[in-house]
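Each remark here refers to the structure printed beneath this line.
Chain nomenclature is as follows: A, B, C, D, E and F, assigned in order of appearance, with residue numbering initiated at 1 for each chain independently.
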Amino acid sequence: MINKFAHISTFMSMDIPYEDADVVVFGTGFDGTTSNRPGTRFASGAMRSESYGLETYSPVLKLDLEDYKICDIGDLELSIGDTDRVLNEIYEGSKKIVQDNKFPFMIGGEHLVTLPAFKAIYEKYNDVYVLHFDAHTDLREEYNNNKNSHATVIRRVWDILGDNRIFQFGIRSGTKHEFEFALEENHTYMEVSTINTFKDIVDNLDGKNVYLTIDLDILDPSIFPGTGTPEPGGVTYREFEQIFKILKNSNIKLVGCDIVELSPDYDNTNVSTVTACKILRELSLVAANNIEKNA
Amino acid sequence: MINKFAHISTFMSMDIPYEDADVVVFGTGFDGTTSNRPGTRFASGAMRSESYGLETYSPVLKLDLEDYKICDIGDLELSIGDTDRVLNEIYEGSKKIVQDNKFPFMIGGEHLVTLPAFKAIYEKYNDVYVLHFDAHTDLREEYNNNKNSHATVIRRVWDILGDNRIFQFGIRSGTKHEFEFALEENHTYMEVSTINTFKDIVDNLDGKNVYLTIDLDILDPSIFPGTGTPEPGGVTYREFEQIFKILKNSNIKLVGCDIVELSPDYDNTNVSTVTACKILRELSLVAANNIEKNA
Amino acid sequence: MINKFAHISTFMSMDIPYEDADVVVFGTGFDGTTSNRPGTRFASGAMRSESYGLETYSPVLKLDLEDYKICDIGDLELSIGDTDRVLNEIYEGSKKIVQDNKFPFMIGGEHLVTLPAFKAIYEKYNDVYVLHFDAHTDLREEYNNNKNSHATVIRRVWDILGDNRIFQFGIRSGTKHEFEFALEENHTYMEVSTINTFKDIVDNLDGKNVYLTIDLDILDPSIFPGTGTPEPGGVTYREFEQIFKILKNSNIKLVGCDIVELSPDYDNTNVSTVTACKILRELSLVAANNIEKNA
Amino acid sequence: MINKFAHISTFMSMDIPYEDADVVVFGTGFDGTTSNRPGTRFASGAMRSESYGLETYSPVLKLDLEDYKICDIGDLELSIGDTDRVLNEIYEGSKKIVQDNKFPFMIGGEHLVTLPAFKAIYEKYNDVYVLHFDAHTDLREEYNNNKNSHATVIRRVWDILGDNRIFQFGIRSGTKHEFEFALEENHTYMEVSTINTFKDIVDNLDGKNVYLTIDLDILDPSIFPGTGTPEPGGVTYREFEQIFKILKNSNIKLVGCDIVELSPDYDNTNVSTVTACKILRELSLVAANNIEKNA
Amino acid sequence: MINKFAHISTFMSMDIPYEDADVVVFGTGFDGTTSNRPGTRFASGAMRSESYGLETYSPVLKLDLEDYKICDIGDLELSIGDTDRVLNEIYEGSKKIVQDNKFPFMIGGEHLVTLPAFKAIYEKYNDVYVLHFDAHTDLREEYNNNKNSHATVIRRVWDILGDNRIFQFGIRSGTKHEFEFALEENHTYMEVSTINTFKDIVDNLDGKNVYLTIDLDILDPSIFPGTGTPEPGGVTYREFEQIFKILKNSNIKLVGCDIVELSPDYDNTNVSTVTACKILRELSLVAANNIEKNA
Amino acid sequence: MINKFAHISTFMSMDIPYEDADVVVFGTGFDGTTSNRPGTRFASGAMRSESYGLETYSPVLKLDLEDYKICDIGDLELSIGDTDRVLNEIYEGSKKIVQDNKFPFMIGGEHLVTLPAFKAIYEKYNDVYVLHFDAHTDLREEYNNNKNSHATVIRRVWDILGDNRIFQFGIRSGTKHEFEFALEENHTYMEVSTINTFKDIVDNLDGKNVYLTIDLDILDPSIFPGTGTPEPGGVTYREFEQIFKILKNSNIKLVGCDIVELSPDYDNTNVSTVTACKILRELSLVAANNIEKNA
């Protein structure tokens, strides 16, 4: 009679013990460099509650969460207020998961959280490629006098990886200089506004190690208003859904991923949070299925 | 000088006396089995107020409400709190309209209200076909220990009709078992996520009696966040609008319909309610026009 | 480094094992007979999340949650959609806690959930008195054709207890007949709108077993808009706070209590939920302290 | 079975035929001179819907709406966009009610609607006194280049009545000059911020004809945020409630009243609208009872 | 250290002195004839604040605001409450800009503000063509007893221009008579619901003087709920974005434009305001670039 | 005709040149250590817009902003993302104002911004006393592993000032240890929940230099929901208003003040922002008047 789930609060069906898990989901509620609307700190908590409105089965992928070993370990404890210490805490958390040979699936937080998580991945897979979904270039050298910022994070990843390793999709906002960095100087591959070339890119990465970072503001604000800096002209959910099918059918080797920039309190309808949950479900199914295929 | 509409509160232009009406619109504000966000009880009231922001003329259908005989009789009185009694009250209300040879057009309420309304239709037209628009399968055998639920309602309709009589569109959420019921065991016809085959299906139903049930969450949450369980990846309003044109030009015989699952308080912009009103306008025009054609 | 609270979701500091607990908190997310705005089903979940913004220490009571043995067992599983079965499930859950000699502290849900919880208490303490805080009389004989309703719940408790056992405070809405039932026929004691006589009443109950039921709409809608039927003219939080001090210093024997009618989605500021959490903290401190005193 | 109220939309229980009514309630949805947040045009419609959450009985006044003859005739048709024409339309509507020997009870709209309604009253009762409840002085000579404005309305009434006839309560905002007009030059009686002298004033008006105009922003924004220009430091609902008791027990002769400046869309909790409805109930009971006493 | 922008509040980067500017942006916060939800008075203020979340560079147009001479002179002072005087104030403000040989770019306000701004343009360019983007026909002869109204504004422009000079796009709501006026009587060119013929029309206007008026409700309410009368079935932002490219590449001569009907308070997510800002950026880039090309 | 205020965005009437000003208002939009709901970064901007709904005259203080020399210099530029650098930037900004012999009036931001502003004050007035209004003790030694935090700020001030120099009012939340620090160890003076002793304290500070820091969450959440951590049981606006009168009539010497913790986006009614604006008006009048008296 007493609800056996009373003392458990994970994303739906992600309650496998850490030791047995293939995919490890964790939250990093940091939004300290956010320059516009804050609140991504609440993303993972809001998503855990909202996830119970979804089913475990994906009719698009024909996969079911109940068939995979996924563990939600909750949120990392972070020293909010001290950016450097927070970045190190995320790095240490990610490193532990990577060293335990599990797939790290991070829920931000603002986009800067990608940097330490990626560093932990890079230490193990230094041949890794990055697929980056976003409305914004995130290629600034510096922002608000800081080198580490949500607006510089992909530039920092490029500092590590160099040219020809970063693929950007859906980008539709940035300075003139940032667009030149990508489109004219070719330091990254960039598709402006849309995601139509994604399949070709993935086909070319056949057999490669790949990290995915998804800034949810790639979606159009009509379906995803709950983010710090909404930018009209984004992709629809149905367009974005193709990403999951393409990944499922590809031969890349996924080594980690993150979903960032949901700011749930800016969307009272909760549709943004529901959408983030559905992307989490689809992508964790793809990741777990990819691990199975490559095992 | 005194406003003559002061004492009248119907959907715009639906103020024909019951006796003279061809189409009878009525509300059933029941949401007792709703498992996620409730509030569909407020749908018909919110729609009546909001409908005055629309015009009576449909440029898509080239039809005008003022040319048809439609009566909004208000909401049925329901014994909220006792599901069985409520279902019977809806059944009796629907039966009266059907027996008076009028077209019943129901505004829910949650989707379970379709069951008693459909039963009243079935008693008169036992060769009826059902066109079902929804994000969710609604094919569970049981939900929350109840056989009668918003999540089982189409399964209950199937209990009555059997195979080859139910056509489902836009479906994108359910258990693995529910999708197998439709897609592999073929108990119903199901188009996943989209509505592209609708014209073909309607063409095949030439001359048949048809009941329509529209769970408004078939629409994408970007345009329709005001519902109990929003599910990303739905159809746009413009896509859905094609349904009305196809129906208008078809040779099926419409015998009743319902629009369910608007929960207006979850969308402070009122866009969900406006959208429901526009669908009510278009569909009541189609119904009245269909009656005229078949008279 | 990994957050040890990741897999736990209880009200703050209420994570003692059930076996060791003196006070047992549980949620009953039922709102099936609600006639106005629904949504109390979400109260306990919203409160658990929000409770972490409060401190464990009460400067008013000079007591700290960390010094007491309180267990939040989560929400009871309920067969939403079937009122009778739900009432029985709440009864069974409450009975188990009572029989295990623990103090049941229920978070509704609508006010009807008080009836089965009270029945379980009454079976053990048939000399019990009821202190009832509410904006509404809840003394109807029947509502919406149902005898069991949020609007009849105290009348049903009176059916069990009879005269001179129920004390009502803050009441400011009801039918003429309901007020006569209390004020002229004296079936219950009733203080209209305010709570000024509470101390005298409690003094007179010295040594008695007492059950508390708090409909949070006793508070003024300025501080508590998040409820089904807000009623202007209620008590302020600071006035209501006196209740806790009076109870702490009294010699009554508390045997159970409930807090009902928070509908969190109707207050986007979350202040209603925060207020409910603070009342939960104060009252659970009072209950645990009362048990200690009477041990 | 069919709801007999389907075609009626009046305030609760105010459905007496116009011919038989003692009190006539009507809406004037004009907000054309509003300089801050508009939307009072929606007040009467929102109040009609919301009024059904209240009871007909007032435990404070011990009076019941069902015992009185009150008719809600709906909203006047107004030529929105042309201020002068609108003012004339309100004047004509009010005059008709006054000439029919009925009590006009107007629901605004912005405060300027008081001017034409008052003019109709004044033509019949040129010895009338005005009791004015408001946060703002409304005593400007001109505003936004207009002499007729929500910010000048009481000055225009003073143009008609002259000194010693207007009594203002709760006033807490205005220009230095406006306060001097009242407090030093004594053109009106003014109580700043509070309403404590109201009983004394009413006692002094024994036997006089009195018009009441209530700008709801006299209430504190904690209970009444849904207004154009909220002003902190207002009276609580419980303080304001004393007004009704004092009026009920007084010997003044009420000849008309209005309630203005509810802007419902600025309060998503609907508490502002509920509060306006309760004031409408109490004040229409007082008016009907006053008519009965003076008959 | 002290922020040098503290005393400046213009749209981002539009802070060139008036004397030096090619394009002059100004706000007209009038919504006096609005029949449904008001609040467009707040549009320009909300847009100025929100504009700082955008970049100055447009990756779609490959143009940067910082390369052009644009001046935001703030809002015109208007005598709110007196429609005729307001229209004259807008006319005088527009005429000054036109006479100074600058490009007037107006931010409404409701759509009626287009009429006086257009008149000022017409006096200089009486061979001007009008491109009209809207959900509504705005072709009524009269509305609410007024000839000058948001619902009649394009009819009034037609009174001035006559046939074959007005091109309407995205129209999906109006009376039967209004659609006949355009589609059968050919007084204007009208594309219903969509904007697909826009390029052809612009090609045909090669070398002509053109005024643009954009009622933002042409956009679908999913991306633009913050407007007075949302109408489902509109164009997406990405579809609408094509307009800017077509205009940039065209050989028409732009002589003025306006963006109207943003009502920011009806969209708490602020996405409507962000979208209006992005359209302002794109269109002011197109205008400034067009001036440069034609210089 | 063109609005001369178009290029100016200061709090109402605070547009005196810096050189001539007695009181200098500035914003510090930092919320980097906020542990609960962020967003105080938007406080000063929201207040500037909203301030135009207020009058310049205070009927409570009988003073008018137009009679004083107050300059709003806008927001300091801050390196958001790096707490230490931000604190230094605020310190430098405050020091400049203090050194120019002007009265610094800071609008936060979170409460930590008080620390650097206070340091600048302390360097000039090391005999200064602090009057602290807040719901929370803010006396922690450390929070989230940081010594500098919104939750430790008054402890840091105490590190500088030592015992008998800090007076806390309205405090109603904190750890047991924090309350002991104040109430038993007497390191600060603390009045719990209320502000009744304020006059006595101020009388005792006759002739002393005094700094005021107001965390707006001292107000009850009914009037001030728009803050990071609302705490029920606070003071009403009318109670708080007495503070201004007492200060005006006192003989203390005010040397600086701040108002912090408005998070405007959490209150869609804008009442929190209006309330903060009114407190800014009253307090800046008191400060300017105090300077005049002490000149």
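A few comments on the model shown:
Convention: a residue touches a chain if its C-beta (ideal position, glycine included) is under 8 Å from a C-beta of that chain, and two chains touch if they have at least 3 such contacts.
If you're wondering where the values come from, they're calculated on a predicted model, not measured in any experiment.
Where touching is counted per the definition, the chains common to chain D and chain E are B, F. Between chain B and chain E, the least number of touching-chain steps is 1.
Set against the Cα centre of chain E, the chain with the most distant centre is C.
With centres defined as mean CA coordinates, chain E is found 38 Å away from chain A.
Put simply, the C-alpha centre of chain B and that of chain D have 42 angstrom between them. If you average the CA atoms of chain A and of chain D, the two centres end up 56 Å from each other. Residues of chain E in contact with two or more other chains: 220, 222-223, 266, 268.
Each chain pair that touches appears in this list: A-B, A-C, A-E, A-F, B-C, B-D, B-E, C-D, C-F, D-E, D-F, E-F. Contacts from chain C toward chain A in the complex involve residues 1-3, 5-10, 15, 26, 45, 49, 72-77, 89, 92-93, 96, 268.
Of all the residues in chain E, the ones that touch chain D in their complex are 31-35, 37-39, 41, 78-83, 85, 144-146, 148-149, 265-266.
Within the complex formed with chain B, the chain A residues making contact are 53-57, 59-60, 64, 220, 222-223, 236-238, 241, 268-271, 274-275, 278. Interface residues of chain E, counted against chain B in their complex, comprise 36, 171-176, 179, 192-193, 220-223, 225-226, 229-233, 266-268.
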